[in-house]
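Quick heads-up: structures coming right below.
The same chain A turns up in both complexes below, where it pairs with chain B and then with chain C.
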Partner chain A sequence: MVPPLLRRVLSYREGRFGFALLIVIAFIVIGGPFIAPDSPFATTGIPLSGPSLAHLLGTDELGRDVLSRVLAGGRDVVLLPVAGILGAFLLGGVTGLISGYGGGWPDRVYTAVVNVALSVPALLVVLILVGVGKDSPAVIVTAIALVYAPGIARIVRGAAQAAGRSEYVDVARLRGEGVTSIAVREVLPNVAGTVAVQLALSCTQAVLLLATLDFLGVGAQPPSPSWGLMIADGEQIVVLQPLTLVGPAVALMLLALAFNLLSGALQRAVAERQR
Partner chain B sequence: MVRTTWLFARRSIVAVFTLLVLSAVVYFASRLLPANPARAALGKTASAAQVHRFIVQQGLDHSALAGYLQWLGHVLTGNWGTSLLSQSPVVQLALPRLLQTFLLAVLGFIVGSLIAIPLGYLAGARADSRLDLAISSGIVGLAALPEFVVAVALLVIFAVELRWLPVTSGAIESTGYGNPLLAYVLPAASLGLVVVPQMARQVRITASEVAREQYVSAAVLRGIAPRRVALRYIIPAVAGRVVNVFTLTLAALFTGVVVVETVFGYPGVGQLLVTSIGNNDSPVVEFCVVLMGTGYIMLNLAADLFVIALNPRLRRTGVM
Partner chain C sequence: MTVSSQPEPPVFAASDLCVSYKGAAAERLVVSGVTFQLHAGRILGLAGETGCGKSTAALASTGFALPGMARRTGQALLDGKNLLAEQPGDLRKIWGKDIAYVPQQPSGAFSPVRKVWRQLDEALEAHVRLAPADRLARIEEALASVGMAGIDAWRRRYPFEFSGGQLQRLSLAAAMLCAPRVVIFDEPTTSLDPTTQETVLAQIRQLVARGQLAALYISHDLALLRALCDDIAIMYAGEIVEYGPAADVTTRPRHPYSAALVAAVPTIDSPSIAKALPGEPPDAVVAAGCAFAARCPHAEPRCEEGKVWLVPAGAVQVRCVRAGEELGLASPAGTAARRADAGAAVQRDPVLAARDIVASYGGQEGRVVLNGVSVGVAADEIVALVGESGSGKSTLLRAIAGLHPPAAGELSYRGAALPPRIEARTADARREIQLVFQDAGAALNPRHTVGRSMVRAITCHQPGLTRAGRRARARELLEQVQLSAAVIQAYPSQLSGGQRQRVNLARALAAEPAVLLCDEVTSSLDVSVQAGILSLIARLRRERQLAVIFVTHDLAVVRSLADRVIVMWDGAIIESQPTDALFSNPESPQTRLLLEAASYKSQQAFTSGWTALDTLANEGLPS
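Right, the complex of A and B next:
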């Protein structure tokens, strides 16, 4: 079921482009620290110098190599949000699946709770949680999971409810299959398409949210090479050494573009499959 | 009529309940997350006696639940505490900024609408044309950018490089130098750009749907000039969807306001919130979050009620 979906995504131009970008970004995030010429924390050059052979993107205000910092910063930008979204899926997806399929009054209570959770503004909740808990990774992951879980829960619950009413589930029930078996073998595969799209969309939002938090000074703290933080610092010295701002900004925009294109292509692929 | 009132009441109660949930999240986060909230608030140099006084004053020696009820009681009676940094009452710090933030949000919304509505209409009325493709691609590109990138880009281009506009809004207020009106341009423009994608998308979809409706084709076939068709048939239908768009952009506005105020040093509630977080000034943080959250929830409620009032179908059954 996954490979045909992937093939369809790649058949669209936006899917191919997004996938290619994603490969590049993945390379930077995973392999970045290994191919970086210098340590992201070490002062290896004259501060605020322009591009040179030793420092392809120049140095920042403390003399650290900008290229190395951009290559190293990908991890901070991507890993925590993705972990948070996985947590959101565990929390929201599993409960949504069970509640949507089961139905009844517990489902109504669940829906009410999810709706209330959804009307609480997300950024404020994250700001207060991370602002008070500071930059502990556990707090950040938990905050992201809590904020995105309700949205995911609602989508998964809707899909599970629709799947639960379909004919193949009735047939499975008539065959005498147990509830767990039905949930896993009949409901889950058909919910997976919608879930995949929501995963992509949520990851996109979470990555940008964390970058925003870092930029505001609420998330990662110096000397972390997180791109959001680098952009905030680079803004101060943009006249002297614009690459300290442009480097991480371009990296972040490529990342956002990759995620967005893939989410869009995935959405189209799932929609067309269901027709 | 009774049904409508009952619907209004139900939505309002849910809104109040949501506010309580938000206030609880704020309080319990402040209370439970830091290892030692009193220490975190007062800093390393405070004496043990000061810490103890703080604990008693804030009700931290009671259980979390009792503390929450005490805090809630303070909040509802207007006692919002004092800033730990400046020792002035929180209300005094925050309320003047509320007006500024509201002004910025309104300006941003207007700028965003001025850009998004014409673009969305052009793209939708000529759906799938090359113009539509160009506009839609531009919108997708803009939507992919995080808000702070847009704001910083505008700042760097217009304030730093071209020097057309001031870099910081706050400096004009405090020094009295420079044209105060200019201070609003970049923040409003940034905020506007942040909300353009969502609005434009909605306008485009509506415009393309309505353009295909039969009564529009009938009007064109009858020989009515295209501009009159647009004015009297398409635009009124689009206007009905505007409230829906408003609700969606509200969330983006609230997030955007915090970021834009920080980038431009704009003296609003969002900037106060961010700097107070950095200073561990918990009374101010709590107040700002509750204030902004209240605004968000109330505005959502208002939009909800407005939609119900507008749409007779919703009034009857409560659902579409």
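Right, the complex of A and C next:
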């Protein structure tokens, strides 16, 4: 049984395209290292050679196969941001849901904390955390979770507050349901659409943030085939072998596009459902 | 009242109007063959249940292209010009000037971010060449004509700084600005409270007479149309089924549908429950046979054969194959709802009582809405709570239900104290006292199917049942409120207003309550649906000795349902009497005012024409 929201998303062209793209990307993330013709770290050809049958995207300055590196690098580029965003939802979404429905002074304190957290520049926090903790995946995931949690918290809290004041919540109180039961059964289904839109949007942002970190040299370190790092390296030899830059850049763009298309379709689906 | 058998030529004439919407597979015909004439100084009422195509027909006749419309044919003549063949640019010159439209929601007629007078001025500027000072004078004149002269600082105010009644009068004034000749009123008073409603109606009536306007008034309230209109057209499934003088249509209906609508209207003259019209109207024009046959008590096999045409019958035109026969439609027989001994004012021990309730909004220094109110209701008793909007009726119900803990006062149930907060009450008390909300849509979770909502309530109140048992119980309860098991899979947005309110009632009944608190449960519903819900409540009370507190602003509903009436005014109770005593001998001036305001809709008022409304327009309601 397909959930109604997903069915609606798939009825739009952008939803179908985004979903298909995401499945292709997921396939690359899982299977990429196995279908890659060569090892991402091994020198297998003449450095800086153009595309050929042996190397479809050519080779980089060390003679490594660009296609193999793009396929192998996808895993971290996709999984780390998505894991980080899921963490942010667990942190910001759950607290926002409870605070928004519960209301009262705890909610006011919570909102104040969230507002302060929102005013801290995201890139700065990540730079510091990653700088201190080096480029371990756990640190990167934690950093992304911490940076995105306040924004998600604010959106979920607002939606939960609106849903929490409705009469169907009164009806639930009248039949004796507790706070958790009401938050989960009555309020959550009504904020799920908003949450889904935000989830897809945050994923795009987190993917690009991570790529930015790699590009700046504070994230993944050589010889990692991370896309952001490849773009940084490719930039210096773009005149000699443009595909070293274009390959990972196109991959990154397609990933962001998939999330963006999905969030657009989700937004439309939620708006139409509410009519 | 102009009584003329040979009226002058019409100002506006629509003929053979057909409208279809784009559908999933094919076009859906929603209005078919609608023909009507509007005469100067006269009002034509357009009646029918929700979804019968009233507004669609009226708007389409002005040349307005409705969103989603696929095709529109027919003619609509104003000054010999067919509006349906005009270019959009030419139509814009006619709309707002020659043809004015007054919408149902006045709040939707004004942009919320701009001052009202700027918007009025803009409308005038678009159609009439006048100096700014003259425009202002014209606007003030229009405001005076709807009784809005001398409102304090009105030029500085935004739409939200006016009350609902004031806004509706402003939107009337906006319609009158360019001295139109045709005005379409689309249920402009449905969202207003009754006393305001009456004053606005009186104003409409004066405007039409004074300006010799040709008016079309859309409403599902036949009692209102009977009092207001000269002629009435009844629509069903996109077609006019009866059309004629208001008196004939409402007192001697020829079409079984008109008769059923008339019978469903409660009246303050009669202490019986109006007759319900079960079923739902079809959502498109029925091509072959009579569209109403499926719900008609007089249907015969030949009703289903071939197209039924509108034919003259006496003073009216009727679309019925049995138009010539005597069907005995004119005598609406209702059922008595009240206890036999209700008039005897038997004082019995209340099962639920509230004493000296004080409640306010906004904490300690907030606005006090209840100021020492005491009510009680006994088993097998229906108590009506009436009063203007803002008098504290709904707050009192919420306080009793435990949703709005009062600042002072005490509640008792079956002789024991009842905690003010719902969370502090025992499971039994929670189960036995049930509240049904006014807005049926808001009280159902939009993301839950009807089945899920029902099963959840059953799980909470009858924890012992198995999964299958809960489902069976849900079906049984829905059946009790005359809903088919098909609605179990539906989301609230897929149901009609009447169906949603019946789901709410069924859910309240899942608790097997002893006390039912009803907050204006029928005020947003068609009369045909309202009658069904009222008789259901009356039946439940008979069968289960239910104690009911019923909040309403409709005195006709009170008369047909309640044993005792409590009148609230400004957060306090000013009168409490058995129903008949209250209607025959109101003690307080405020009650007399409420009764007077409601009387324009009564049968007696109608026989004397427009007198009730005219008196109102001339003297106004003291506030």
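In the analysis below, the second predicted complex is superposed on the first by the 273 of 275 C-alpha atoms of A that agree within 3 Å, B and C clash if a C-alpha of one lies under 4 Å from a C-alpha of the other, contacts with A are read in each partner's own complex, and residues count from 1 in each chain.
The working rule: a contact is a pair of C-beta atoms (placed from the backbone, for glycine too) under 8 Å apart; a residue touches a chain by one contact, two chains touch by 3 or more.
It should be emphasised that the depicted structure is a prediction, and the values quoted were computed from it without experimental measurement.
After superposition on chain A, the partners chain B and chain C are accommodated together without colliding. Counting residues of chain A touched by each partner, chain B versus chain C, the larger count belongs to B. Of the two partner chains, chain B is the only one touched by A:Glu235; chain C is not.
Touch criterion met: A:Asn260 reaches chain B, while chain C stays clear of it. In the superposition on chain A, A:Phe215 makes contact with chain B only, not with chain C. By the touch criterion defined above, A:Val171 reaches chain C but does not reach chain B.
By the touch criterion stated above, A:Leu62 is placed in contact with neither chain B nor chain C.
In the superposition on chain A, A:Ala249 contacts chain B only, with no contact to chain C.
Of the two partner chains, chain B is the only one touched by A:Gly131; chain C is not. For the pair chain B and chain C, the model built by superposing on chain A gives 6 Å as the shortest CA-CA distance.
Shared contact residues on chain A (touching chain B in one structure, chain C in the other): none found.
The touching residues of chain A, when paired with chain C in their complex, are 166-168, 170-171, 173-177, 185-186, 189-190, 192, 274-275. Residues 401-403, 422-423, 427, 430-431, 434-435, 437, 439, 442-448, 456-457, 460-461, 493, 507, 511 of chain C touch chain A in their complex.
Residues 115-117, 119-125, 127-129, 131-134, 139, 208, 211-212, 215-218, 228, 231-232, 235, 238-239, 242, 245, 249, 252-253, 256-257, 259-260, 264 of chain A are the ones that touch chain B when the two sit in their complex. By the touch rule above, chain B contacts chain A in their complex via residues 14-15, 17-18, 21-22, 25-26, 29-30, 33-34, 40, 140-141, 143-149, 152-153, 155-156, 160, 251, 254-255, 258-259, 262-263, 273-274, 277-278, 282, 285-286, 289, 292-293, 296-297, 300.
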